[in-house]
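The two complexes that follow have chain A in common; it is paired with chain B in the first and with chain C in the second.
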Partner chain A sequence: MALDTVSIAQNNPDTSQPFAELGLKPDEYARIKEILGRRPTSSELAMYSVMWSEHCSYKSSKVHLKQFGEKAVKTDALLVGIGENAGVVDVGQGYAVTFKIESHNHPSFVEPYQGAATGVGGIVRDILTMGARPIAVMDPLRFGPADAADTRRVLPGIIAGVGGYGNCLGLPNIGGEVVFDETYIGNPLVNALCVGVMKHSDIKLAKAAGAGNLVVLYGAKTGGDGIGGVSVLASETFESSGPAKRPAVQVGDPFVEKVLIECSLEIFAEDLVVGIQDLGGAGLSCATSELASGGSGGMKVELDRVPLRDATLSPEEILMSESQERMCAIVEPKNIARFLEICKKWDVTVTVIGEVTDGERLEITWHGDLIVDVPPRTVAHDGPVYNRPLAKPEYVDRVNAETVSVPRPKTADEIKATVLKLAATPNLADKSWVTSQYDRYVQGNTIQSQPDDSGMVRIDEKTHLGVAVATDANANWSYLNPYEGAKLALAEAARNIATAGAKPLAVTNCLNFGSPEDPGVMWQFAESVRGLADGCLEMGLPVTGGNVSFYNQTGAVAILPTPVIGVLGVIDDVRTRTPMSFDRAGLDLYLLGETADDIAGSEWAYMHGQRGGSAPVADLQREMRLIELLVAGRTSKIFTAAHDLSQGGLSASLTEMVLRYHVGADIKVENVEIALISETPGRVIVAIEPVVKEQLLALAKKHEIVITRLGTTGGQDLVINGAIIPLEELRKAHSETFPKLFG
Partner chain B sequence: MAKIVVDVMLKPEILDPQGVAVSAALPRLGFNFAKSVRQGKRFEIEVEGEPTPVQLAEVEKAAETLLANPVIETFTVRVEK
Partner chain C sequence: MKVGVVTFPGTLDDRDAARAATNAGTTSISLWHGDADLKGVDAVILPGGFSYGDYLRCGAISRFAPVMEKIIDAANGGMPVLGICNGFQVLCEAHLLPGALTRNHELHFLCRDQKLEITNNKTSWTTSFSMGQEVVIPLKNGEGSFQCDDATLATLEGEGRVIARYVGENPNGSRNKIAGITNERGNVVGLMPHPEHAIDTLTGPTADGLGFFTSVLKALVK
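And then the complex of A and B:
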């Protein structure tokens, strides 16, 4: 292919260009021509097409996502908000924490190991880019039915990829989710979250200010990885027929990333960069245009200076390549010698590829010929915005009107059978088979990880300041009512932070949906965003950033609306946290919160093929009082243990508690046919020493939370209303599922 | 007895971290001949007698399913006497 330059584009305005193949619509192509006053060069077309793809431009979601800004609470805790690579939150003692969650769904379907691995690598670089040292990762995953052939293909690879990359980096994996549902068949969800920590003064931003400053590319060489991955892979639905447009898979090298992390942190520590950006989706197109528009706008890049792994790459391909483990920095000329020295020390390839200019255009040359000359904002930020039609799907009213009809456990035998069934079902079974493939304790600061309610890491070894993170989504509720579903997921994630006694501070999200071109899916999305924004406003929690993944559908079947909500919390001394379970007999167990007959969307209903009814309505005021109670109970040392109730209700939570330290419990509940399986939100089991009973009751009264005595701890059985379930039998049911399914 | 050999290589556009590591180590040890190195794997499969076309087709299928990951790797099947 002959080189297409700006002057050729000017002189040959009528050359036909493959904009449709690159995923651009005719009106979008026309808009590019209008911006430039001529047809784009092929390199410009490549840049616009990747940057204006759904994945990079958020063109379908933007109009809804702005609610996160408009409805935002004023909080001093938020140091950097939405729009940067990741939000930054003040956690006290001079520390700031940054966290973010992103999807890598489509690449993980094509090549499970590398897709999941590079998903971890990408989010870790986002966190590093803010100036923070990455300290932990988490991975909420969703798959088709556990016994489906495609799940057997993708699950082992994805788990190994998450573990392989994270373990090599020496980052503990402190939690996540593994959920199965038939709508995820062919559309597995791989969401990756990373947490990083830094001092306030170390925050870095993606901007290229100061004419004469140098544009420096460092890290791995550029190859043909995932060319078009962003625009083609992430923005078009898979056709069931053939691998037509599958581009090259990105392959990560975690050891290069580890060196890149250490090298970058040393560069940051000496304050050698003005701005920095990692190269993720859309590669250099994204990094150069975002850095330039973050500054005054002017930048000159000599593209032929980019070090290549494959010398045959064309300039268009170099601009679109998604080769992993690369960073782009803006460096003052006086600092460049030291910058190069540090890269040399870490054996990191580094090249000055251009400089910041005082103009307003991003100019890219190839061996002296001008091949890109664009206003960078038009590439990075002024992409198309769609107000896509949305319509409440017909299923909603229909399924909401259905009554859920499931077997109700009443007799001792039925109670025992129900508890064992719930304990063994893949969605609730012991996830050790998964998490034992991840390093959970590396770095020695992990306080909590699976099976705790949240992951918790210590960030200061002297003061024992720590942060806790939880991710949650309840797609069954979101399917029945996306507005309430998002609020309920937020409440659950916040509660999972609070059971340990940490205080929720900030929210991130990864919104996984079907095709935005389907008005029904768009309605689910809009309702979820509205629910989350309203929920965050009511709970006083800022949204620090997030990610949208559309087109998770095969043919006409979209995935369940799956807004994964991550909540970050802070705890002043991790040594005082409330554990999730009890390790001794003679404690009293209480249930905080009221139980209603909330079977719709429950795991028990799902196990019986029931997907109807109405989702519970979130009572966030009550959730906030419960959170305050849990934090207060931790500080006044009332609780011996606290554990959240969610999927699988009381049955699942009791199972997890008694099996944790192999101490049984004797429980008596009224209306066992409801109490055992209902998933009413806003409930927590607490264990206390009998002597602090009055203090607990007073605390519950003060925070207006209903409290019910459940029983006592002790013995080698879980006893519920006289139904005896030996712990050994329960453990067998709970822990055999995954090894049986996946070897 | 014949030997069927399956050679598996990463596709040329796919990053090969092991090959990169080897090509970085060579000059450190004084070997300066290599412009680049790519590392693959080789399977030697012994069969009774001369392999039949049916057997070779089966090996081809096995290579596609188990020995190689056709999304990121290519393979060749040949008979070694």
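And then the complex of A and C:
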């Protein structure tokens, strides 16, 4: 076993190195040599290769993502912006909230349970790292067709993994999405969102300041999981002894993470850390280089001190390991005794592995031999940046020109059949089979969760302050028009916050796309980012952070462009929120917003194999007026219920409303062949007591929102233009789908 | 009146249980698993969660915690003890209650609003209810199927020690739809559903769960 050290690298400049196998391009390898003035050691090569990977360096997306900063609105609400582990937003009363989405798509395809579980674990640590107590999770998921064999393989494991990890952490799952489409077969999307809360003064950052301060690794021991590609190095560097192939997917232990959370919060409460970073993608390579470059740059680490689960791990593997449930803290020497004491109380493994120096180099030794000597910023931040070629794919104009031809419900029988079909289709069917595997009650602050439009949690029991979060994507629209698709997803997520009466405050995103090396995919990506940046600027909402997942494709087929947009909102008194549905008869139902013949990209079109047509154009000014109306209606106590219209249009929204508390409705609409199935954005159904009718009409007039009376609540049927759909029959159609598919 | 709420590593619903006890009018005191000290409390709640990550078996490690020695002694001396979900599992492992909680028959974690019938309103934790009263409180667990041998079941049923039963479809395969049981003396209760998550309609499906916590206050005042 030969250890590759800095002095060996200096003396043997021509040793050939497996940079290509590690995913580095020849010019990137040359750049590393230029930075170091010599060839990298194998440990340095490992660090650069993983930190300069697409996942860690955002090298293909950076040039586009900078729009989120350039077009940003000026706001005092943003306490910490893009670049840290997660953005932090001021929600008033001295509270700050942090939230972020991340993808764990590829691991979840390989190993559904662990992939999804560690996806939750990773995002929760990002939130914890900011100094916040995690208070809720959400999980937007996308799969191949519901009846496909591979969907049956991955879906149950992914759901169990999200639940298994989140439930054991004691985090309520307050919402998400489950969407099916052919393009996700072989490439499911597992996005996980976490929300955390703290006081302003508790915000923590990833920086290693102050020479002499200690670098402390705590949490789980380091194992051979999540090493993946770097095992190439091990096999190149070492003889055949020892385990050659390391597992690519990390294996999580939520119990260790739960204890790590409580231990960390106790450490934060006593203000014992100068800086902190979780170990996620790229493990110690990422944590040490980011902490060091967040400070003055100097850090010394004795890698052989890292506690190991597997004593045969090489230094390269230790640097790369993505073993879960680990944190790295910078602690002043005067605080270390208390830090160790708290770790002991929680039975958390803790080791001082190094110290901050007044130099500018990250130096890592292995039993005394120097194996890494790099300027940390070159690893963490100065990775390559690509302006990849992009070109509008030929399909766009072709499909935009197509006319959508679907059956149009006109007669009572057709109306009833349409409503029942939409209620039962997997994308719109009751998701209880999924959500009943998640704990939505733990912590005792959940006000709304699935199937509500947004998740809502109380953050102060005395003042009743709360936050609401929604995530949305409409990949069908993004396929037809990625610019408008991103704006429409933003508008929908914001609307889903506002239906409950909360005020949208900030945006996060998880941008799931195919290969950036395909100019057509790159164009979809660039258009989506431009749309989202323009949309956020227009709506006055800052982007607080996000995540990009490329290479979501099977062979030449990329997934639909899927920008998942998360919006966070604040509500001053959760007790006054507007519920999603009505629980009694005698209320009047109104539709806010105008309905056009927006069938392109609709669920009804998808169900009939139609993917063409033109997406709607987002009218964000109207969306903002609608949001203001919804918030004003909540504060003036006009609404008994409010529910967004989105996929499945009026039919799906009415289905969800009448089934929620098992109270029917009698509805009359004009142009039912359009009204029932159209998915025109910017629409909400509201229920009111008849006595506040004039107030509602005045509010709609003031905010220039078209309002139409739909009917009244009551009875044991959903009646639409005389078509009678008994609630029991509707419930059966809506609720049978998932148990039948997945048992 | 002071109600102790135990925190093991991996306990999740300790703050919820403390909130419920406080809302019912008692003072809640936090008890740490590693301290063999009940801090002078008058009753104890073992809350839900995944203590010790459910390693080995649910509750199997927690039952050996230093605080448990004191709780077992106190329970045998008549102190009211309520075990909720994982707490119920700990009580069974500690042999303060008979039987065991096994994997749900459908093999999934299950979280839902569950209708229960109160079938014993004489215990320290159930006097606020009327016999046969139906309540709705959340059920959430992966291992909530109550199992015991036939003789034990006959004893529990014969002595009226089943304190709550699931109404409607059996959610997890529990014998005789048992949701909760008590010991011979009626001071120790194990309950699979979570009354601490049903203390107001803002955060829970109902406020029905509060009755368990007001019951113990009455028991202590007496």
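In this section, the second predicted complex is superposed on the first by the 721 of 743 C-alpha atoms of A that agree within 3 Å, B and C clash if a C-alpha of one lies under 4 Å from a C-alpha of the other, contacts with A are read in each partner's own complex, and residues count from 1 in each chain.
Everything below uses one rule, namely that contacts are C-beta pairs under 8 Å (C-beta built on N, C-alpha and C of every residue); 3 or more make two chains touch, one makes a residue touch a chain.
Please read these numbers as outputs of a predicted model, since none were measured by experiment.
By the touch criterion defined above, A:Ile447 reaches chain C but does not reach chain B.
Once chain A of one complex is fitted onto chain A of the other, the partner contacts of A:Asp310 are limited to chain B, with no touch recorded for chain C.
By the touch criterion defined above, A:Gln324 lies against chain B but remains apart from chain C after alignment on the C-alpha atoms of chain A.
Looking at the superposition, the partner that touches the larger set of chain A residues, chain B or chain C, turns out to be C. Once the two complexes are laid over each other on the shared chain, residue contacts for A:Gln114 go to chain B alone; chain C is not touched. Contact with neither chain B nor chain C is seen for A:Asp181 once the two complexes are overlaid on the shared chain. Judged by the touch definition given at the top, the superposed model places A:Phe255 against both chain B and chain C.
Of the residues of chain A, those at positions 253, 255-256, 347 touch chain B in one of the two structures and chain C in the other.
Of all the residues in chain C, the ones that touch chain A in their complex are 9-10, 12-13, 15-16, 19, 34, 49-50, 52-55, 108-112, 138, 140, 142, 194, 196-197, 199, 202-204.
Residues 10-17, 20, 24, 69, 71-72 of chain B touch chain A in their complex.
For chain A in complex with chain C, the residues that touch the partner chain are 160, 163-164, 167-170, 253-256, 258-259, 345-347, 435-447, 458, 461, 574-575. Across the complex, chain A meets chain B through its residues 110-111, 114, 220, 223-225, 246, 248-253, 255-256, 309-310, 323-324, 347.
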